[in-house]
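Below you'll find a set of structures to go through.
Common to both upcoming complexes is subunit A, partnered first by subunit B, then by subunit C.
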Partner chain A sequence: MFFKIIDKESIVDLYAGLAAEYDEVTGPKTSPKDPRYVKFGKIRDASQLRLDYKTSIVPPKKYFLAADERLMRYDRTTGEVYDTEPPLQTRALIGVHPCDINAILMLDDIFLNEFEDPYYKVYRENTFIVGVSCMPSPTCTCNSFGADEVHRGFDLFLSDLGDRWFVSVRSVKAAAIVDRYLDAREVTADDTRAFQERTKRFKKALPKRMDLDQLPLLYDAKYDYPLWEDIGKDCLSCGACSVVCPCCYCFDVRDTLSADGRVGKRHRVWDSCLASEFAEVAHNHNFRPKAADRVRYRFYHKFVGNFTRNGKMLCVGCGRCTTACKAFIDPQRIVKALESEDTPASAGTRKGGGAQ
Partner chain B sequence: MTDANALNQASCPRVVVLSLASDFGCQIQITNFPELLAMVGTIDLSYWQLATSADMPDSYDVAVIEGAVTLDEHVRLLQQVRKTAGVVIAIGACAVTGGVPGLVGTGDLDTARDLVYGEDATIVKQHRLVPAPVSSVIEVDYRVPGCPIDPAEFSALLQQALLGARERLDRTPLCAACQTIENPCFWLRGKACLGLVTRTGCGALCLSRDRACTGCRGIAADANLESARRYLREGGFDVKAFDKALEVYNTYEVNEVARS
Partner chain C sequence: MTENTPAIATADTYKRLGANPYRPWPARITSIQQLTPKEKLFELRIIDASVRDAFRHTAGQFVELSIFGVGEAPISISSAPSKQGFIELCIREAGTVTSAMHRMRAGDIVGLRGPFGRGFPFDEMRGHDILLVAGGLGIAPLKSLINHIHDERHEFGKVTILLGARSPKEILFRQEFDMWRHREDFDLQMTVDIPDDDWDGEVGLVTKLFDALEVDPENTYGAICGPPVMYRFVVAEMRKKDLDVDRIYVSFERRMKCGIGKCCHCGVGHKYACIDGPVFSYWEAMNLKEAM
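And then the complex of A and B:
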């Protein structure tokens, strides 16, 4: 990694360079429905970029794990299968916050590890990622999860120093972009000092809201405690939390036929473990029939299941679920409930939760 | 129950489309769907109340029913249909939840009748029932909710029925679909939306046009009304207005819950 400094206005040159090199440039832009909200979308002009945004409704995971991805088409009369490849399109993704880059690294671990997902892989390999620094909002808890900093998983990272950007150049591709399109200068001691001050300001603005020490252990120990019923009875079973979560990746695979039933497509769509259909199997048996079972499961997967597998919790503290959930259920509430004095209703035997 | 085998064997299942109390909107929706023509080869549209003046045939395989049950004559008709058809499909809010006609159930039937028909009320005095969904009278195999229905959803469901697939009606509320299309939540913007308790499956159609959900697909099976009201209370919203808005498509169910 090496570092450069560019002017604030140079974002126009960066955009132009990426637009020349990539089929599509996407980034945070104002929601057409309400200017107070931001969503990632196609950028047609650098002025559309809102690099000082707080958060987006849906995280950039949508560019790697599409909400609705076609897996193949088929002809039922001939048995022919076609269109099995994802579209080969290159993309530059500008303006990803550290929490969301950390979340992409989590997804890499899921989709590029033991079982490689060919769709995710194609999108990931063909996307150039430009990270951008941020200032914390009241819903942010990234520092509790160590997701406030990021050192890989991007090509270029822009830290806001007021009138200039402190640019971290991480990849060969990024070095070529800087070389070809940007009027960049060397970093001075002044710039480095400004960078350090920025980091300090960020830390000051974000008190640590959660203490996760021993959380996985506590979770297992209190697995059958009444706290789950308490929290679970509030859940609306809406699944909004999974949609907006950058670390949630579950999907359902569906077949959709044409009106005459001759041809069809198989596609995968986002799913949520908070939906009662999620754990339903043959003969209508449901492994998690109650909302309380499902809420407990969701966070068990995040805080225990994944943690015991690779030492990482499936949460980067982005705060999106805190905003989206109308039942006031989020990581902070779960952690608080687990830390509280609570006693088991009965010394029952453990029902299997199941790490993933 | 669905007689899937019988359907598979019938090379061209005979389908009838009939209406109870409704404005025929869902049937019109079907005609708006050009792809339906593609289906006509795979089905035999024996009878279509809206498009024919002929009598309904004595035997058929699939009955598609639109409209709410509002007369005792409807009850008899439905019982006959259930005996005849292998598969019964209810389409539209009226048939699935009682829909807008169901609003009559918010008050007293006689008062409503007098209000609407005035002096002529005696003509319709007998035989009137509190509007109810088809499933309150006979077993329904498949449902296509919505006001009006989405023709694509209807044709997809008809396909599933012909293949003998199990009904797959969503049970969860709309918010996941609404957030997937990145609609800034209405409640966060200080406006009411019924999506948080309404059955998903429309792809958050109204939300995609920046309109709040009015609940036309019915209350979701997994809806948590108590918790939704609590959210409203804590946010300083009008819970009574929310309940009132819910009645537009869901009076029958709201009354059922109150009775149970």
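And then the complex of A and C:
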């Protein structure tokens, strides 16, 4: 990685360069439906970019794990399966915050492990990521999850120094873009000082860090505590949190047929473990029939499940769920509830423990 | 990751074939046998010869069965690993996919993905007594294990099979098992909840069969599969016979949609039934939230 300095206005050149090199350029822009919000969408002109945005409604995970992805087409009569590759399209994704890049790195652990997901892989390999620095919103808790900084997972990173960008060049592709399209100059001691000051300002604006060291153990220990009933009573099982979560990735698989029934397609769509039928098997047996079971599982997967498997909690503290949840359920509430002086209804009982 | 070996083996096979793990391989239904009013045994043959040769399963693993235009469902493999070239699936008519499967005829084409998951620890079980307990459709994954043990019968000590069903009509593989009752190398006992006039076996829950059972706890592996409610009671009986918690194996039914640890539908505690299971030791299961 090396660093360069470009003028604030050079973002126009960066956009032009990316637009020339990539099939599509996407980034944060004002939501056409409501100017108060910013969403990631196709950028047709550099002036559309809102690089000073707070948080997008839906995270950029949608470019790697589409809300509705066609997995294949098939001929129902012959069983012939075709179109199993996603359409090959290169994309530049501008303006991704550190938390969202950290979330993409977590999705990498899941989708690029020994069972590689070919769709995710194609999108990931064909996307040029430009990160951008931010200032925390009141709902941000990224620093509690170690997601306020990012060191990999992007090609280029822009840190805002007021009248100029401090540019981190991470990949060969990025070096070529800088070389070909940007009028970049070397970093001076003044620039580095300004960068340090910006970082300091950012850190100072972050909320107090939550101490999460005990969280996985505490969660296991209090799994049968009544706190889950309380939270479950509030949960609407709407799944809005899963939609806006940059670390949620579960999906459902569906088949649809052509009108004449000869050919069909299989696609996957975003799902949520809060949906009542999520863990249902044949004969309507449901392993998580109550909202309380499901909300407990959702956060268990985030704070304990993935932590046990991959050493990371599936949360980057972006605060989107805090905004999206109509029932005021978010990671902070879960952490507080687990830390509170709660006692189990019947101490010492363990579901399914009958035979120890 | 050693505990994931069979799942990893499949991942390696997919990599070697350069195959998309979501892509079902067309397979032809070669025969259909009506076992009970609700269950049929399907024999399938993957059409592509190179894929067919690469398909190697262990007892307890499952496949994702595709009915084109309807969807996919996870189904445990009933045939023994030795029955190469053909895959047997015992399917109850229950949901949309399994109902559509029941409407299929021999010669029809379906899709298969897999084999997925971790099956029974066959190599570890070798040289020991085996106690298998199945309730209802739970015999489907255990049938593969029974067939595999049958193939290598001399490698095992005493083999006991306890079968429970609601009624005599609902006993799966009944013809075959009826004959087995007279074999000396298998101790097979059956019980039903509701007997009919011809029933001469036991009546009651499968746990009842434990009363007269002699088990050498130092030398026995247990394997259980059945409806969710059954596990706790059967495990309790096995524990009463002093079987160690890590010598009792249970196979879980969950809603595995992808089979490769992505979609999260089969999450049990911090594990996924599709890649870490569906077979777990009781020790693992009792340490997983919501497992039993």
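Note that the second predicted complex is superposed on the first by the 346 of 356 C-alpha atoms of A that agree within 3 Å, B and C clash if a C-alpha of one lies under 4 Å from a C-alpha of the other, contacts with A are read in each partner's own complex, and residues count from 1 in each chain.
The definition used in the following text is that a contact is a pair of C-beta atoms (placed from the backbone, for glycine too) under 8 Å apart; a residue touches a chain by one contact, two chains touch by 3 or more.
Because the structure is predicted, anything quoted here is derived from the model rather than measured.
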Touched partner set for A:Ala291, first subunit B, second subunit C, both or neither: first
Touched partner set for A:Tyr74, first subunit B, second subunit C, both or neither: second
Contacts of A:Glu114 with subunit B and subunit C, given as first, second, both or neither: second
Partner contacting more residues of subunit A (subunit B vs subunit C): C
First (subunit B), second (subunit C), both or neither touched by A:Arg36: first
Subunit B versus subunit C as contact partner of A:Asp234, first or second or both or neither: first
Partner chain in contact with A:Val132 - subunit B first, subunit C second, else both or neither: neither
Subunit B versus subunit C as contact partner of A:Cys321, first or second or both or neither: neither
Touched partner set for A:Leu257, first subunit B, second subunit C, both or neither: both
Contact residues common to both interfaces of subunit A (with subunit B and with subunit C): 257, 261
In the complex with subunit B, residue positions of subunit A that touch it: 31, 33-34, 36-37, 39, 56-58, 67, 233-240, 242-244, 256-261, 270, 272, 274-277, 291, 323-324, 326-328
Complex interface listing, subunit C residues touching subunit A: 7-8, 11-12, 14-15, 20-24, 26-27, 47, 68-72, 92, 94-95, 98, 109-111, 227-228, 232, 235-236, 238-239, 245, 253-255, 257-258, 260-265, 267-271, 275, 282, 285-286, 289-292
Touching residues on subunit B, where the partner in the complex is subunit A: 33, 35-36, 38-39, 41-42, 152, 155-156, 159, 162-163, 170-176, 178-180, 182-185, 187-189, 196-197, 210, 220-224, 227-228, 230-231
Residue ranges of subunit A touching subunit C (in the complex, touch as defined): 71-72, 74-81, 84-85, 110-111, 113-119, 220, 223, 249-255, 257, 261, 264, 266, 268, 271, 273, 278-283, 285, 287-288, 293, 297, 300-301, 304-309, 351-356
